[in-house]
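Next come two complexes, and both contain chain A; in the first it sits with chain B, in the second with chain C.
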Partner chain A sequence: MTHRRWFTPWLLAGPAILWLAVFNLWPAVNTVILSFTNAKPLGGGQFTGLENYGRLLDDDQLADALLNSIVFMLVCLPLLTVLPLLLALLVQRRIPGITFFRTAFYTPVIASAVVVALIWGWVLDDRGLVNGLLQQSGLTDSPVSFLTDRWLLLFSAIALTVWKGLGYYMVIYLSALANVPHELHEAAAVDGAGPVRRFWHITLPGVRPTMVLISALISVSSLRVFSELYVLSNGQGGPGGRDMSVVMLIQMYSRGFNGHLGYASALSLLLFVITLGPMLFLMRLNRKAA
Partner chain B sequence: MTTVREPATTRPANAARGFNTPSPTQTAGRYLLLVLVLLLVIGPFLWQLSTSLKGATEDVYTRTPNFLPDQPTLGNYGTVADTIPVWTYALNSLIVAAVCITGNVVGCTLAGYALARLRFRGAKLVLGLFLATLVLPGEVTIVSQYVLVRGLGLADSLAGVALPGAIAMLNVLLMRTAFAAVPVELDQAALVDGANVWQRLWHIGLPNVRGMLSVIVIFTFIGAWDDFLWPLIVLTDPQKYTLTVGLQYLNGTFSANPRLIAAGTMIAFLPIVVVFGICQRFFFKGVEEGAVKG
Partner chain C sequence: MRRIWAALTTTAITAAALTGCGLGSGESRNSDSVASAAATGEVKGKVSLQTWSLKPKFTDYMQGVIDGFKKKYPGVEVEWLDQPGEGYSDKVLSQAAAGTLPDVVNLPPDFAYPLARKDVLLDVAKADPKLSDEYVAGGVEAYRYNGYQGTFGYPWYLNTDVNYWSSDLLTKNGLDPKKPPASLDELIAQARTMKEKSGGQAYLMSRKPGLGDLYNIGVKIMADDGKSFTFNTPEAAALLDKYRDAFKDGLMPNGVLTDTYAGNSKLFSSGTAAWTTGGGNFITSLATDNPTLAPKVVASPAMDTPPLYVQGLSIPKNTKNPAAAVALARWVTSPENQAAFAHLTSVFPSTKASADDPFFSKSDGTNAGDAKVIAFTSLAKAKLIQPVEVDDAMGTIVKQQFALAISGQTSSKQALDTAVEQCNKLLKG
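This part shows the complex of A and B:
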């Protein structure tokens, strides 16, 4: 389209380009620069070469955090690729009241992770709902320490992540299911294929690209987990700080007197490197779809 | 459960109901499953709501869960406001959300239109840079964003919380896609009639991208209202906290009274539910048409 003055497009795109440069590109560059310094939250910082990177290799808490991320991903991947698909199949048919159910199933997605974690923190408390029910039914004699045990805390955070993510991936699957040609189902039904066979031979191949997409999304979000673990462990990262995630470490080092922005930046770059694989894979998928 | 095979005589009626119409038993089973999932999803929220309405004299730790408060009271909502300035926190969250919504609506509309409809030198490079930022998870640059905001003198201020997200790169790209989908003939016709860029944007572009704009407004509100990590890093003065940071402060600092925390979470949660409840028809309409792609 034509425009009379050469600077009109720059005027329109100006604010966004300013934000692109100042709040996105510069911080990306500066993360690399900071990672070679010993900058502190209260200012200052000298060039310290590869010191921060050496520290990465020798950080037990980071090793724990990476292990936590791997466990997080390994549990979330199967659960969050399969359960939301089943949920989408359940709410796919337009029966009376279905909009209400769809909206209700989406509610945990729009709630803040802080709100959700506080709710689950109370449900899983030593004297909370789940422990009350467990003891009432005689399954356990003493409360299960969901929030104070190193592994139980991690699995509690995983459980609430799965619970919060169901609706999100359900919607993506719903959209994919809407794109599976209805005629295929009809033709198969005419040929005598039951619901189970139609699921395996028509639905599943139809949503396979979406499954791949969702797996990549889950991989990235498992590496970025923060609020759930932070709030469930009350900012402490569990017993001995062993339930930290990489992002929790970044946050920890960016604050307070013991903070170390240089090391936090090195951690940020590590996070970038480990998310890059699934991220690039996602970008390729999106380009193919577009 | 037994399934009754329908006699052949009902076949035409069945056919009239359309392909693959479920039997009443199947439908009942489906509703049963729906209700079960509903309990699992909504249950924890209701439990929290119930806890927030229980009075100080009612035991909240009973082993047999008491879902209905004996004597429902709003007292906890008053008490939580005495413990932390919860209404100030809500207002702070609202201010941040309002700044982000305004910035995104204006900034992304203008840039999206320029990138979709105007030809200019460097457009490809700019678009490529916008796209490139998408591989950067926000957490990766959060430390240097903090350094930047501190350098601008905005550490520990709401402006510092709101500013970086006031124009989101993803929204620029979404608006560009929306404008690109408007038939180019409309623009050309307006051009023949002598309309300038602003008139074309206002009278032809905008009315055709309302759907995308409302999606951006909803998700910007939710994103700003729910955000935790960034305000947690920027803010240090408890008077300036946003709701999410304030809630964690309440949870972590004061010997926890579950009733107060429950009241606080409800104050943070209910506005989101109301906003989404009003706007959900925009959202699921798109899903139904297969328009939302991961």
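This part shows the complex of A and C:
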């Protein structure tokens, strides 16, 4: 007969708990504490109560950043939830040469976000490929300000994000589609259901949990967008900084010797709370549907 | 048992949190005692030196300087660390936060300022009373800060900006490279000619103004006590208005609104813009990017007060070997070693004794040589234009607001008021 000591499970779980405490729990706790101080990277902060949170209400740039993040999410969410599914349905078929298309659609995913944004920056520049084509074809007389107009810059970043994300979500949908029983499609076809009806009544319910997962992932990543906007705007967030995302604001306030860590932490916590919203909504939606 | 564990854990987290966010008290050494030890101590033992992006191009030079130091002070051991160009401020920040800064560290004045404010750096003037006699005033002044007593670094090498004009592009568009604009009004007038003659294909102006442009028209950037920004004046608004009108008339590319300094010189290198500013060695580096353009570039002095760029060597107060640290900083920045360095690349020495070196004051007849002489002679009136108090976030806010004004999306006055208000908030925070 063997005796189990009371601490055996703790010994086994210890390394994982330590890891989580040091790299997850502690930074989170520290962020909360910092948000109530005026701390700088070289230390010496003092408790300032709710001052940083009061400043959030008075920050015009934050209002712009929140609007940008919400627009980003509202546009990316339907596009990146639906288009990859349609793409997955296209490349799901087993026909010669389909691997080439799957690879081609997936290629942007493995490219670095910064490199891709730099390339798009050149393409959308005043003297870039797109403006060259527009002017040569006579559609415009002067260059379109893709990178210097508030909304055009935002939508350029959205287009880049959608283009880059299609392949990633397509692969997730492909694995979900593989799990939809083929017999259901055969039975429905025998009963006279056409492709559209089979899509609505068999495919869509079959991939619904995946759709919810993908929607949650897109919501979070849209609210936390950084590289695309940062690189396309040369780190300045467009004229007046009106194209900044919340993460760009956090980066702006926290970097350098004189980083304003207190305010940056308050921004981080605000972003965390905002990110929870769409996730909880989608989870609730999924539970209801189930 | 569980309660005890819970209590211990809570105590540990709270204690760690309070020290982690910098609310704990730190140890501070007395500057006088360190300075005195530096002035009177024997130069021996281990000393570390940190430079910024000098390897591999200047490895032989630096090794020669270190070998010379070891020869002068037998028994001293130098550990040389060279940090890569990217992320240097983060590296220094983490070293300072951990208290592991090397004994002698290369810090430009804006990096040294926050460390001096936190009482991390030694007042080298205390350890070395001859400092002001041996180094140029501008260089020494760069390491003295509003509201803080002391000089927090030895000035090392200096540089400034020179105007560079593409003679081909100017001539092709009806402008005379021998008569470059000498004021903003002349610049705008010539930019208009350039636009009309080139059909909007080439630009003369390709950057938006910054705080330096405001300084040059006499706008006071900060209050004397360094506690508030004051650049929202009617003169500053009038300057932004001029740029706004020039932008509206298509005299500058759209990219200036979000562009960085590199964007301006990139447009010049690619033959799209006919004017850029750069250090004394700009033509040499341009020869790599655009060898056809480089020989056709004409240099001229900056239109107003040239900006002063300073690199220096600072010594942390917690150095374990102050005597060797001060001796090493003096040795690296000595007239002989600085002159040897400046002969290798287009930087200029910060020592008064180097002023008479004909190498800097006489051109070899090439346009690169002319630029070097212009840069060297400009140093006499060059000034540290942007206050060291302007941190990354403030710099970004100023750029954003100026871009907003130039694009016409807000009035110049409003943009300046917003920039000053936000920068003041950050300054106080």
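Throughout what follows, the second predicted complex is superposed on the first by the 253 of 290 C-alpha atoms of A that agree within 3 Å, B and C clash if a C-alpha of one lies under 4 Å from a C-alpha of the other, contacts with A are read in each partner's own complex, and residues count from 1 in each chain.
Keep in mind that, in the parts below, a residue touches a chain if its C-beta (ideal position, glycine included) is under 8 Å from a C-beta of that chain, and two chains touch if they have at least 3 such contacts.
What you see is a predicted model; the values in this text were computed from it and never measured.
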item	value
Room on chain A for both chain B and chain C (clash or fit)	clash
First (chain B), second (chain C), both or neither touched by A:G240	second
First, second, both or neither for A:I70, with chain B first and chain C second	neither
First (chain B), second (chain C), both or neither touched by A:N30	both
Which of chain B and chain C A:V82 touches, first, second, both or neither	neither
Partner chain in contact with A:F272 - chain B first, chain C second, else both or neither	first
Touching partner for A:D125 - first (chain B), second (chain C), both, neither	both
Per-residue touch tally on chain A - higher for chain B or for chain C	B
Contacts of A:N38 with chain B and chain C, given as first, second, both or neither	second
Chain B versus chain C as contact partner of A:Q46, first or second or both or neither	second
Contacts of A:R255 with chain B and chain C, given as first, second, both or neither	both
Listed stretches 37-45, 73-81, 199-207 or 235-243 of chain B, narrowed to the one that overlaps chain C	235-243
On chain A, the residue positions that both chain B and chain C contact, one per complex	26, 30, 34, 39, 125, 127, 234-235, 255, 261
Residue ranges of chain A in contact with chain C within the complex	26, 29-30, 33-34, 37-47, 55, 125-127, 143, 145, 147-148, 233-242, 252-253, 255-263
Interface residues, chain A side, partner chain B - complex	1-4, 6, 8-10, 12-17, 19-20, 22-28, 30-31, 34, 39, 87, 90-91, 93, 95, 99, 101-108, 110-115, 118-123, 125, 127, 129, 132-133, 135-136, 163, 166-167, 171-172, 174-176, 178-179, 182, 185-186, 189, 210, 213-214, 217, 220, 223-224, 226-227, 230-231, 234-235, 247, 250-251, 254-255, 261, 264-265, 268-269, 271-272, 275-276, 279-280, 283, 289
Touch list for chain C against partner chain A, complex	13, 16-18, 20-24, 26, 89, 92-93, 96-97, 111, 113-115, 118, 120, 253-255, 257-260, 263, 272, 391-393, 396-397, 399-401, 403-404, 406-407, 409-410, 415, 425-426, 429
Chain B to chain A touching residues, read off their complex	19-20, 22, 27, 30-31, 33-34, 37-38, 40-42, 44-45, 47-48, 51, 61-65, 106-108, 110-111, 113-115, 117-120, 123, 126, 129-130, 133-137, 139-148, 163-164, 166-167, 169, 172, 184, 187-188, 191, 196-197, 200-201, 222, 225-229, 232-233, 244, 247-248, 251-252, 258, 261-262, 264-265, 268-269, 272-273, 276-277, 280, 284, 287-294
